[in-house]
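Structures for review follow.
Heads up, the next two complexes both have subunit A, just with different partners, subunit B and then subunit C.
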Partner chain A sequence: MNLINRPMPKTTKTKTAAAALFWVALWFIASWSIGKELILPSPLAVLKALWGMLGQGAFWASIGMTVLRIMAGYLIGVAAGCLIAFACCTSGVLSALLSPVVKTVRATPVASFIILAMLWMSKGAVPMLMAALIVTPVVWGNLIEAYSSRDMDLDEMALAYRIGNRKWLRFVLIPQILPSLKAACLTGLGFAWKSGIAAEVLSQPKRAMGSNIYYSKVYLETPELFAWTAAVIVLSFLIEILVRRVLKREAGRED
Partner chain B sequence: MKIEGLSFSYGDKVIFRDFTMESPSSVICIMGPSGCGKTTLLKILCGLLKAGSGKIEGIPEKCAMMFQEDRLLEWMNAHDNVALVTDSDPDPDRILRELGIEPEMQVKEMSGGMKRRVALARALAFRADALFLDEPFKGLDEDLMKKCAKIIAGCKKLTVVSTHSEAEAKALGAQILRLS
Partner chain C sequence: MRINLKKALLVAVLAVFAIIPVFSNPSSEVRIGVLKGPTGIGASYLLSQNEEGTTLNRYSVTVLAEATDMIAQVAAGQLDIAAIPTNAAASLYNKTSGGVRLVALNTAGVLYILEKGDTVKSVSDLKGRTIYAVGQGSNPEYVLRYILSGNGIDPDKDVEIVFLDSAELTTRAATGDIDVCMLPVPAVTTVLIKNPDMRIALDMTEQWDALGTGSILTMGCVVVRSDFLKENALAVKLFLSDYEKSIEYVKTNVKEAGEMCAKYEIVPSAAVATKAIPDCNLIFISGDEIRPAIEGYLKVLFEANPKSIGGKMPGDDFYTI
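Right, the complex of A and B next:
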């Protein structure tokens, strides 16, 4: 098989639906073979649990609060990542000062931060902080990389034609680093969502999807645990679609 | 234009050592084999590189440099690329049209020769007092080359051009300076 110059294989809606059906069927077979709902509930049991939860106000309140906490943390993380990257790119002193901190945050296990944060702040603030701490190094790293690998010939052209800092920033630099920022925003979103839910599981704030996942585990309600997890996944997908649309619209404005 | 005792090195590699020249002509073509320092000399003359030593006279303060690579902003159209460098030109599209380029055309959709002409239009629209053009006719056919050369010669400014072609120098009516 020739691997060179092959286009990316196309995924149609039919193929996606068939793939989803395949995995659900596999799940059904696995659950049926094990025969214990406590270990692996069937897709029908999970659907039933989810259906029951949909009618409860507490379910929607948990979703609302979780989205609020994680998205607030995510936005703070994106803003912090941009600001720190800007500081590092413009000042050697600030770069020497801030880069080791961001690298340390990036290397530290999220569980360590969650446990520390639980000692320092209210339960509700922990998921927000975790989302921000996870997103900041991703955005910072991508922006630093994009800035370092920008086309220096264009900078020389900008100098030769004396276009000034403002025009250089808007018309030369930002279009070059925007794709990296966009990629960082999308990657960071997935990380924020995962770390935020993990923080909720460990800190158990009121009205939180993570807390409900934890309680389902404690009370051995495996179908509910799966239902909450499914809700987390669906929400994560929906928010990713939303963020993609916002980024696409913003990129369109730049053009 | 007068250069006296010019020296320049990239690290240990000496490009010019005590280089001296004088030209009464306002249009000069620098010719010579690849790597002999044509681009370096243009960059020194327009102030993008600083010479190690030497004296340069007769170069105006505001210079336009057309680079060997087009160095256009691929995400913009021809008009925006030209308008970016000129605040004083009320009609940056005039020079583009004169060179046969549609101002609204996106740079990423252009051929090599079209991009070259946009880069030339940008240098001309900058309204500088001197033009430094590094292989400005690269990728252009003979007719286009002559047309561009006529426009450049019509500017009546100090113009220093790097080229490998005698025909281009002739089209510009330039004095030839050979580097070795």
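Right, the complex of A and C next:
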């Protein structure tokens, strides 16, 4: 088979639907052959659990609080990443001072941070901090990379034409680093979401999706564990779509 | 190239052989699980005898810290016989559609409220306090909630219950960082030895009886997987015999048993274990005596919160060997 010069294969809606059906069928068969709801509940049992949860106010309150916590942390993380990257790009001293810190944060296991943070702050604040801590290095790293690999010829041209700092920022630098920032924002979103939920599972704040995931383990409600996880996944998709839209609109404004 | 392929094949075959024993259980060992803490103490002599090869069965033993881990392993068929909390036994029976049977009861009530200071004289004094506790989703949580409600305290509004795992709560109570907490016996003993400011404020077994439910607070029991029982009825009988002997031994040879508990890490130290054993309310109830002893307790739990025992009262086969 020739692998060269083949376009990315197209996935049609029917293909996607068939694939989804295939995986759900596999899930059905697996749960049926294990025969224990505690180990692997059937899709029907999960759907039933999810349906039951939809009618409860506590379900929506948990979702609301979790979204609030994680998105607040995410935005703080993006802002912090931008600020630190700006500092690093403008001053060698600041760069020497801050880079190792961000790199250390990037390499530290989330679990270590969560356990430590649980000793320091209120339960509700832990997931927020985790989301922020995970996003900051991603944004920082992408921005630094984009800044250092920018086209210096354009800078020289800007100097030659004496367009000034402000115009250089707007017309030369930002268009070059914006794609990296966007990519970082999208990758960071997934990370923030996952680490935020993990933090909630470990610290168990009052109203939180992560706490409920933990409780479904403690109370042996595996279908609910799946249902909460499904809710997390759906929410994460929705928020990604939302963020993509916002980023697109921002990009449109630039043009 | 050819040699490399052969090598790769060899490695693959070896890997498969290395993995097989993980999935199958070729030896006739009975896989038993016990928990750290009060429900595990009664098995310490059995574990020691097993190591010396003088038990009726051969056992491979797993000692775990968390009841939920044990339950998952029983449900997955990785353990044949396990000592677990009574409510978890009923729950496991319901969630596996009859996958386990109750073959023995091993621990009666061992829960106490400890306090730093001298303000808690009765359950109603707990109102407005923060109570640190162990056993979320297990007997301790349900017993605490039941006793609070029975004394006119709403466990969700009038008090704050903070659940921690046993090791963390024991450490924090021992270092004086906690005012009011609920712990089971060997942990109670540890805390009282390490922190003289702590005292026993309430005996939860007494409080349970005071509510007049007519049931016995029974915290620990032994379950066996139904499939295992079907194929190894004799091994289960032999286990019960080994286990009964073990409990008898532990109750009468407190010092030696204490050392065994420490050796198998059921209790952190021999001194604590030896001191705790007389208060551990160890029992051995099997056969026809199980149902009358436990059903009332499960019923109380069920009426308080059906979820505590997995949604419904276990059927007749739960008690049949």
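Please note the rule applied: the second predicted complex is superposed on the first by the 250 of 255 C-alpha atoms of A that agree within 3 Å, B and C clash if a C-alpha of one lies under 4 Å from a C-alpha of the other, contacts with A are read in each partner's own complex, and residues count from 1 in each chain.
By our rule, a contact is a pair of C-beta atoms (placed from the backbone, for glycine too) under 8 Å apart; a residue touches a chain by one contact, two chains touch by 3 or more.
These figures come from a predicted structure and were not determined experimentally.
Engineer: With the two structures laid over each other on chain A, which partner does A:K167 touch: subunit B (first), subunit C (second), both, or neither?
Structural biologist: The first partner, subunit B, only.
Engineer: I'd like to know which partner A:M152 touches here: subunit B for first, subunit C for second, both or neither.
Structural biologist: The answer is neither, since A:M152 touches no partner chain.
Engineer: Per the contact definition in the header, classify A:L119: touching subunit B only (first), subunit C only (second), both, or neither.
Structural biologist: The answer is neither, since A:L119 touches no partner chain.
Engineer: If you stack the two complexes on chain A, which partner ends up touching A:P175: first (subunit B), second (subunit C), both, or neither?
Structural biologist: Only subunit B is touched by A:P175; subunit C is not.
Engineer: Between subunit B (first) and subunit C (second), which, if any, makes contact with A:I39: first, second, both or neither?
Structural biologist: A:I39 sits against subunit C, while subunit B stays out of touch.
Engineer: Could you tell me if A:M8 is touching subunit B, subunit C, both of them or neither one (first, second, both, neither)?
Structural biologist: Neither partner.
Engineer: Figure out whether A:V93 sits in contact with subunit B (first) or subunit C (second), or with both, or with neither.
Structural biologist: A:V93 contacts neither subunit B nor subunit C.
Engineer: Give every residue of subunit B touching subunit A within the complex, in rising order.
Structural biologist: Against subunit A, the touching part of subunit B is residues 46, 48, 63-65, 67, 69, 71, 73, 75-76, 80, 84-85, 122, 126.
Engineer: Quick check on the complex: what are the subunit A residues that touch subunit B?
Structural biologist: 153-154, 156-157, 159-163, 167, 171-172, 175, 255
Engineer: Once bound in the complex, which stretches of subunit A touch subunit C?
Structural biologist: For subunit A paired with subunit C, touching residues are 35-39, 215, 217-222.
Engineer: Subunit A touches which residues of subunit C in the complex?
Structural biologist: Interface residues on the subunit C side: 68, 71-72, 75-76, 88, 91-92, 95-97, 99, 136-137, 307, 310.
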